[in-house]
Each structure stands twice: as C-alpha cells, then as structure tokens.
Amino acid sequence: MNLGFVGLGSMGHGIASNLVRAGHRVKGFNRTRSKADELEKELEGFRAVGSPAEAARGSDVVFSMLADDAAVEATFLSSEGAAIAGLAPGAVHVSMSTISPAMSTKLETAHRKAGHGYVAAPVLGRPDAAEKAQLVVLAAGAPESIARVKPLLDVVGRKVHVLGDEPKKANVVKLGVNFVLAVMLETLGEAIAMNEEHGIDAKTYLDIANSLLGSKVLEAYGTMIAEDRFRPAGFKVRLGLKDVQLALEAAESVDVPMPLGSVLRDRFIATIAEGKGDLDWSAVARTLPRPNANARARKPQ
Amino acid sequence: MNLGFVGLGSMGHGIASNLVRAGHRVKGFNRTRSKADELEKELEGFRAVGSPAEAARGSDVVFSMLADDAAVEATFLSSEGAAIAGLAPGAVHVSMSTISPAMSTKLETAHRKAGHGYVAAPVLGRPDAAEKAQLVVLAAGAPESIARVKPLLDVVGRKVHVLGDEPKKANVVKLGVNFVLAVMLETLGEAIAMNEEHGIDAKTYLDIANSLLGSKVLEAYGTMIAEDRFRPAGFKVRLGLKDVQLALEAAESVDVPMPLGSVLRDRFIATIAEGKGDLDWSAVARTLPRPNANARARKPQ
Amino acid sequence: MNLGFVGLGSMGHGIASNLVRAGHRVKGFNRTRSKADELEKELEGFRAVGSPAEAARGSDVVFSMLADDAAVEATFLSSEGAAIAGLAPGAVHVSMSTISPAMSTKLETAHRKAGHGYVAAPVLGRPDAAEKAQLVVLAAGAPESIARVKPLLDVVGRKVHVLGDEPKKANVVKLGVNFVLAVMLETLGEAIAMNEEHGIDAKTYLDIANSLLGSKVLEAYGTMIAEDRFRPAGFKVRLGLKDVQLALEAAESVDVPMPLGSVLRDRFIATIAEGKGDLDWSAVARTLPRPNANARARKPQ
Amino acid sequence: MNLGFVGLGSMGHGIASNLVRAGHRVKGFNRTRSKADELEKELEGFRAVGSPAEAARGSDVVFSMLADDAAVEATFLSSEGAAIAGLAPGAVHVSMSTISPAMSTKLETAHRKAGHGYVAAPVLGRPDAAEKAQLVVLAAGAPESIARVKPLLDVVGRKVHVLGDEPKKANVVKLGVNFVLAVMLETLGEAIAMNEEHGIDAKTYLDIANSLLGSKVLEAYGTMIAEDRFRPAGFKVRLGLKDVQLALEAAESVDVPMPLGSVLRDRFIATIAEGKGDLDWSAVARTLPRPNANARARKPQ
C-alpha cells in the first residue's frame, strides 16, 4: 500500500521501518527533517517529504505518532499542518499518539466530514519494542476502517486488541494502562522509603514483594529505582506527567475522581521542580524525604 | 519439640495443624475455646489449653497468630495474658501476627529481659495457603533464635526469608507488601471506573493491563472487582484498614510521608462507612462514584 | 468615554450598568441577545450590538467578562469573534474574566502586536457586589494602560489593587484567593462531618471555630452548609471546579504541586457525579460519608 | 477551694497561676520539679508536691494539662501515676489536655467507677492567653460536675462554651478547631508558593486574600510565613502533627474520612523529615518546592 507517516521520533522510527520492511511504500514527515532523510538513506521504499500534507497526499493510510494533543491538532486540524486536507476521500488516518479521548473524538469528527476513516491505535511498549515489532496495539474505530488497517497493525505489533467502534475507547484504555504503571512507581517509592529508613535495603524488599506479585514490569522498574539509575530515560518524567494529566482529564470528563492520580500529579510536578523532568519516569519514586538514606549517601564511600 | 500456639483463627488453624502433622506436640489456646477443642479432636498431638500462659508453659517455642497490637499486648505483656511469664528461660516466641514494628520491638525487649528468644515471623498468604503449608514467611531475630525455629518455619511455609537480626524488620517488610496490594486495589478501582464510564467493560481493560503487568495477584483481584464478588472475604476491609494504618505509622516513625497510603486510608474508611467493612478488601475498588454504572445497575435485568 | 462590553451575565450586567451610570457610553454584546436588549431599554447610554467586533469598534476601552478561557479565545482571538480586530490601535482591553494566567499572557501578546493596551482585571465579589459597585478589583498591566482605565475600575469596585505590569499576575492572585475559599468549604465539610457524627451539631462547632477565626466569609458559608441550603447558587460547583483546575494549572506551570488543590478537584468532581454541579459550591462540603447524619435525615420529621 | 494541678508547662503555668490569684489553694505537680518549685516561690497559695497522687489527695478539683494521651494515661490510670486513686469520692477531674475523644471517654469511665466527676475542658489559645486568663474553654461533662467547676473555668478563660454532658464532645470540637488552623497553614503555603513563583510576593497576596476573609488568625500566621519567622515556636510542628493525627483518629472512629487531614499529616511528617519539628507549626507552609524562591535565597544579599 501507499502509506504516509507523520512523526518519526523514537517510537515512529521503528514503526515506520517495520511498515517499509513489510513491503509498503512510505512517505514520511518529521519536524526535524534530518531524521526523515536518514531513514530514506537506510530503507528503500521510504521517502522523506517536507510537510504533513505531502505525507498524506495520495496515501491509502496515513499514520501519526506525535507528542501530544497540541502536536496532533497543529498537524491535522490547523491550516499550517493541513494533513487532513491532503488526504484523499476514502483514506484512513491511524492515530498512534497518546492523546486525550476528547482529541481523538475531535479528529474522528473532522475525518468523517472529510470522507476519511479514522482509527485510534495507541500502543504499549517502549522504543526497542517498536523496532522489534513487539508492540501491543490498542485499536478502535469503524469496522470497515479497522478491517482495512488491521494487516498494517499486525506488522508493527505482536498483538492487536480491537476495542470497538468508538476510537476514543482505545485512548482511554491506553491511559488506564499507563496510569497503573505510574501508580506502581509511586507505590514502590513509598514502600522502599519506608523499608530503607527502617534499615531494609530496597533490593531485599523488592524481591519479596515481587515474589508475590510476580510482575516483570515491576521487577524492571524496581531494579532501576533500587539502583537510582534513571538515565537513559525510556520514558521521561515530563511525558509521564502529561499522561497522568490526560488520565485525570479523561476521568473528569465522565465525573470520576482519581485520588491516586492526583497524588501522582503532585509527585511528578515535585520531581520536575527538583530538576529531574528529563530523567526516566521511575525517578518519581525517589523524591520522598529519606533522611537516613541521604545521610548514608553523603558519606564518602 | 514441645510447642505452644496462641491464636487459632483461620490462619493459626492451618499453621498449628501443619506443625502437629510434622510430628510436634502442640498445646493450643484460642479465645473462643471451641476452636481449640475441635482441633484437639481432629489431630492427635494437639491439646487445647485454657490460657496463653498454659500454652507457653513448658514449651520450647511458642507461636502467636493474633489480630493486632492490642491482642498481642494483652496476651503476652499484660498480667491477664501472662504468656511471657509462662515461658521458660531459653524458650523462643515466634510472633506471626501482622503487628507494628514498634510492638515487635517492645516484645523483643520484654522477652530479652525474661531470658527468652524472640523471632518476628509474619507471613504472606491467605488461609488456604496456611492449610497447605504454602505461606511465605518473613523472619527476623537473633541468629541463634532463628536457627532454632527455622526448621519449624520450613514446615509451615514454602519459602522462608530471613531478614536479619532486628525482629521489627520482618514486620516492616510485611507491611510494605500489604501496602502494594492495597494500592493495587484502589488503582484498579480508579482505572476501572474511568474505563467503565467511558463504555469499556472492566474485564476488557483488566486483560490488557495485565497482559503488560503479568501479575497473578492482580488478575485474581481484578476478576473479583470486575464481577463485584466480595464474599466470602479472604481478607476483610477492616483488616485492610488496620494494615494500612500500621504502614502509615511505621513510615511516620522514620519520618516518611506516604501520600498513597493516606488516600488508601480515606478510601477504606469510606468503604466501611458504606457498611462494607466485612467484605473482602477488594471491595474498596468499588466505592468511587460511577454514575453510568449505577444507572445500568438500577435497570431490571 | 466610548466603551465596549462583552459578556453581560450576572457579573457583567452590574459592571456595565455602573459604567453607564458613571456617564460613559457603552456598546454591549451578549451571546444571548435578549439580555443586551433589556439593558438597552433600562439604561440610557447603553446600546446592544450584534457581535464582539461591533462592541470593540470605535471604543476607547473594551471590557470582557466571560465564562472561561475558551470563551475569551473564541471572542477575541478567533476569526468568528474578531473583537481584537475590531479594536482601534491605542485602545485598551480590560479582561475581567477568571481565566488562566497563560491565556492572559496570550491575550497580552496579541493585543501588543495589534497596538492595543491590555489590562487583566479579575474581580472578587458576587453578582450583588457587582450591582452595588462593591467589587474588589485586581488589576495588572502596563502603567500607561492602567493609568487610562483606573478611573473606570474605580467606578465598578470599592477597591482596586494594582499588581504590577505583568497582566497574568492579577489572574494568579485571583486564583489564589478563590483557592483559599474552596479549601475552606472542604475544611468545613470535613470538620462538620467529624463533629456531627460525634453528636455535635454543625452550628455549635461553627460558632466556636469562627469565634477564633473571626471571618465573615467563613460565617456565611458555614451557615449555608449547616443548613444544607445550596440554592440559589451564588457560585456554582461547576465554576468552582473550573477555578480549582485553573489554580492547579497555574501552579503546575511554575512547578508547584498543590496537594490540597488536588483533594478539592477530586471532591468537586465527586460532587458533580452526585448530580449537584449546579448547586452553590458550598455544597461540596456535604459529600463526605455521614452515616449517622443520613440516618437522622431519613427519619420523618 | 482546695485544688490540684498536674502539668505545669507553658499552658498549665498560666492557668494554675490564675487559679491561685483568684484565691484558691493549689497543690501542683510537674514532672520537672523545678517548675513547680519556682511557682511556689512566686505565688502564695501554691504548693509544689512530689507526685500526681499527692496533687489529687484532698483536692475538691484536680486539673490536668498534659502533653498527650500517653501522659494522661500514665498520670491518672497507671499504678505509677495513681492520681485517680489519690482523688476522694465526690471530687472532680478537669482534663484540659488536647487528647483523643476515646481517651476522654476512658477517663470518664474510670472516674465514674471511682465516684468522681469528670469534665473535659480543652482550651483554645496560646501560652500568653493562658497567662492573661484569655483562653476560650470548651467544657463538657455531667451537669452537676460542670456546675461545680464552672466558676473555676471562668477564672482561667474569657469565654466558656458548655458542650453537653458527654466529655468527649469537648475534645472533638477542640480537634475540629485545630484542624481548621492546620489546614489554613497548608493552604497559605500552597497559595503563597504559587504566587511567589509567579513573581507576586507573599505579603501582597496575603493582604488581598485577607481583605476578603478578614481573619486575624490568618493575618498573624500569614505574616509569620511571609517573613519565614518560625522561632520561637508558639506551637511546635510535632504537636501539630499530634493534633492532626488525633483529628484523623476521631474522624475514623465514626467512619468519616478526612482527605485534607491526610494531606496535612503527610506535610507535617515531611516538615519533620526536614529537621523542622521544633519550629512553629506555621513552618509547614514552607516545605513545598520553590525553585525560584530558593534561587533568590541563594543569592548573596
């Protein structure tokens, strides 16, 4: 198929590459042009273009993997971006960004008016999973649009969950999953602080807690926290705050309070206030007072 | 060995039984005498006695599995209970109750003065795990005491973690593990409420979330919550509140705030205010406003 | 002077009327036209117009008193509203709405480019204070703009605080004042619930608490809460939620977490979930569990 | 009358002195004996004694003003303190300490069994108000006991509120008043942080906020916070934490969650973790991140 791809950051790069490798022709746009140019050199079948509208023009399906609501709006709905105007009737937009359910519905409406299909397809997994086509894809949209893009989604992920015909639902589920991970980080932070201050080292506590919970994700994050190792950032504190806020807004829009989400929001902000906004988001686990641990850290070793 | 056992509730029953089955002679006391009498009929090697002091008298090791700090204090440290006075010098007290680190240290001191050993050995697992000797035991105390009781702990659990020579550490780790579980319940509650109100059913969300986290405990609780099935109570809301409060106190004693713990405390209290204190503690996940879900529930089915 | 006024709701009505009474000619626009027409009939010197741009055209100063950021943006910055385009160079926009500091700065920039002055002048006080010219005005903007509009602000309020030359500062202070009031409501709610459930009636508690604090605002809200009297709404729960969220965002933008603000946000959402979004915002004080009070309320009286 | 007084700290000193000045004979006990001896030298009519029991012996009324539940229990209910045993039948105990409603009820029961009256009479006001007999007294107890001690309470306070015949009610109201003050501190802390980080100085914000609220207490605390002046401590952070926890427990005992109280608890603990436990409790308002304010503070001045 002829595909467009807008947003070739760490996630988009892997996904677009896998689509090319599967035999599709991909026109890609990235705000920082050099990334698109590099990909053009690396991969036959990929062509760098100069605007979102150009990526959309003539494509059967255009994918987007952008930073946030504002980027999606600027790229598709504003007169500058104009990607929506570039897309031919009958084409489908697959939106993989982590955006608000409200923005997803706004996109859906705009595409419907323009005679396009729209599928929300946010993904679970980090950049390395994107490269290896090991993402979990959460997809929702009109059945005919889903049917059309499903083979493409199968190419980029190890598993595709279809969540009905309302696109926003895929975005809600995605936010709900990230929310659980974010809570986990703060939970480990609080539990480890209590343990360490009582003289139990983080590793010991984590091994026991995880022998019960048996979660690999928990184990991975627990190790990063226990070792205070927050670089390189797999997912930055700032992005974590964005996702927590999206979850809070999504919940508010249906009159659901989220007290844990509120605690997370405050914690992420406090972490950023400490100058740690660009560390891996597991760093939020290390902003609680730790008088004893800090005293130990000050000792020469 | 000659053993004493104080507290033959749902957990104590299984543990004491396994000690008898392993060939030890056990004298057991329970406040509700009938439970001890039944056990005496069932198991050769078990004898029901009339007071904690009697259970302690002549025992090499006395176990306790009681409800809370107050019960432990009344049983061991007050003049009524007098278990500590009944115990011979050189004997060891294995305290399996979920109590505060402070109470554990208080017991340790009292036993040391009396010439006894003291091992804190709280356990992870529910009553069925206790019956099947599948508990995880968290043990801490002086090495010689640990060495003495380790073979007994191996009899009642599938895994014994030794956490150093300060008994309170075992209690801290136990509270830290229960804390993670309690947070999980509230997390699922908030995430499910957001999902359901957006039209995504709990099961769908949970399957996806857990495909990432891969935790059996999460799966089990998730299913109970999705199906609103909180009876019979494996662990009651009231007991959950007790454990959350113990964690908050343990953290406070070392100057660690626990904002998630505070949210849990409020949620557990609100759940009890709704008359659900005796349901399984996973019921805390169902006290958030759910306007749409409630509307559905009001429809005749 | 020739003045424009956009937004003739309960607050704008009083303010615009006072400007006319002070001898100014006012062209007023309101989305619901009838309100502007009525004012035209009542007050010589007031003329109803059909668009924001028309209200702005030829005015020396244009006032706005609108619901939120979105309304301000639609009215001044979008092509539909076009009020900014209607305003002549050298004219000044006085923005009295409770909006975000970020939106205030955005307006300031747009007006500067267009050669206009911009003064943020949010107010403290309810509709009756607006009618009686008893508002407290918080004003910030370039000194020459302030100098120009100060006589007009003196007409509508009993006190004008000038807060420097950055307009957003006036908005921040306004949000900070509303935040204190919102916290007060929840504080009274929690304290009254505790007291009532212990058998102390709200009035008794409030009288004592306020004999110490001595605040008239507190007394007024306390009475409303004690008497469960939340209609008519002086300020609706929904608007309260908006202001709490604006405060949270304003704080976040400078990396300040606001844990009390987070609790308020959750409480306001829970109140709305109970169907009370259009009651007076003091109703948030009545959403805590009150098992005993509720039992009393169910008794026939 | 012949009076006993147990606890001659900064509050007890002033109260006991005023009772002597009113013509009563007072036998006083203090753990640190020297304070009682000094008072004996200063005031004719005051006699220092060596134990709580001695202070109680032969007294018509014995007052207590102690640090917390534990001190009250040790002094009155334990065999060491034995004050309750020293008191003659028909005498009355006036408990002015800020203690839990539960402890107050426990004391009431013990005194009733011993044939004594019991009045809970916690006070509002700081040490200087105690010296000047300007306290507000919250009294509750059996009418005949109240009638008996009312003239004495009138001597030590400017206002006595009688809150019915259940002593614990006076303790609940006291906790409810301190709770409002504690929330105020955190509220000012959050609001000032938001304002300062946006470039508005604390004093400016506080003047405006208080012009609306008009509370002298707020003004006093606001000034301390704005000037970072937390010594000498009128009321220490540690004692503030104690009172917040008592409020949380009192609320929990009647199934009322207190989310603001939970935030306070965490904030007080975090403040203590920063080594500020002995500062005035208004210091809790200064533990939020203040990146800009801190940057300013680092500059040489």
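Observations
Read from first to last, the chains carry the letters A, B, C and D; within each, the first residue is number 1.
As a convention for this text, contacts are C-beta pairs under 8 Å (C-beta built on N, C-alpha and C of every residue); 3 or more make two chains touch, one makes a residue touch a chain.
These figures come from a predicted structure and were not determined experimentally.
Counted as hops between touching chains, the shortest connection from chain A to chain C is 1.
Farthest from chain A, judged by the mean position of CA atoms in each chain, is D.
Put simply, the C-alpha centre of chain A and that of chain D have 52 angstrom between them. Rounded to whole angstrom, the centroid-to-centroid distance between chain C and chain D, based on C-alpha atoms, equals 38 Å. Residues of chain A in contact with at least two other chains: 251, 255-259, 263, 266-267, 269-270, 273, 289, 291. Residues of chain A that touch chain C in their complex: 248, 251-252, 255-259, 262-263, 265-267, 269-270, 272-273. Listing the residues of chain B that touch chain A in their complex gives 101, 124, 136, 138, 159, 161, 163-164, 166, 168-169, 172-173, 175-177, 179-181, 183, 186-188, 190-191, 193-195, 197-200, 204-205, 208-209, 211-218, 247, 250-251, 254-261, 263, 266-267, 288-292. The residues of chain D lying in touch with chain A in their complex are 259, 269-270, 273-275, 289, 291.
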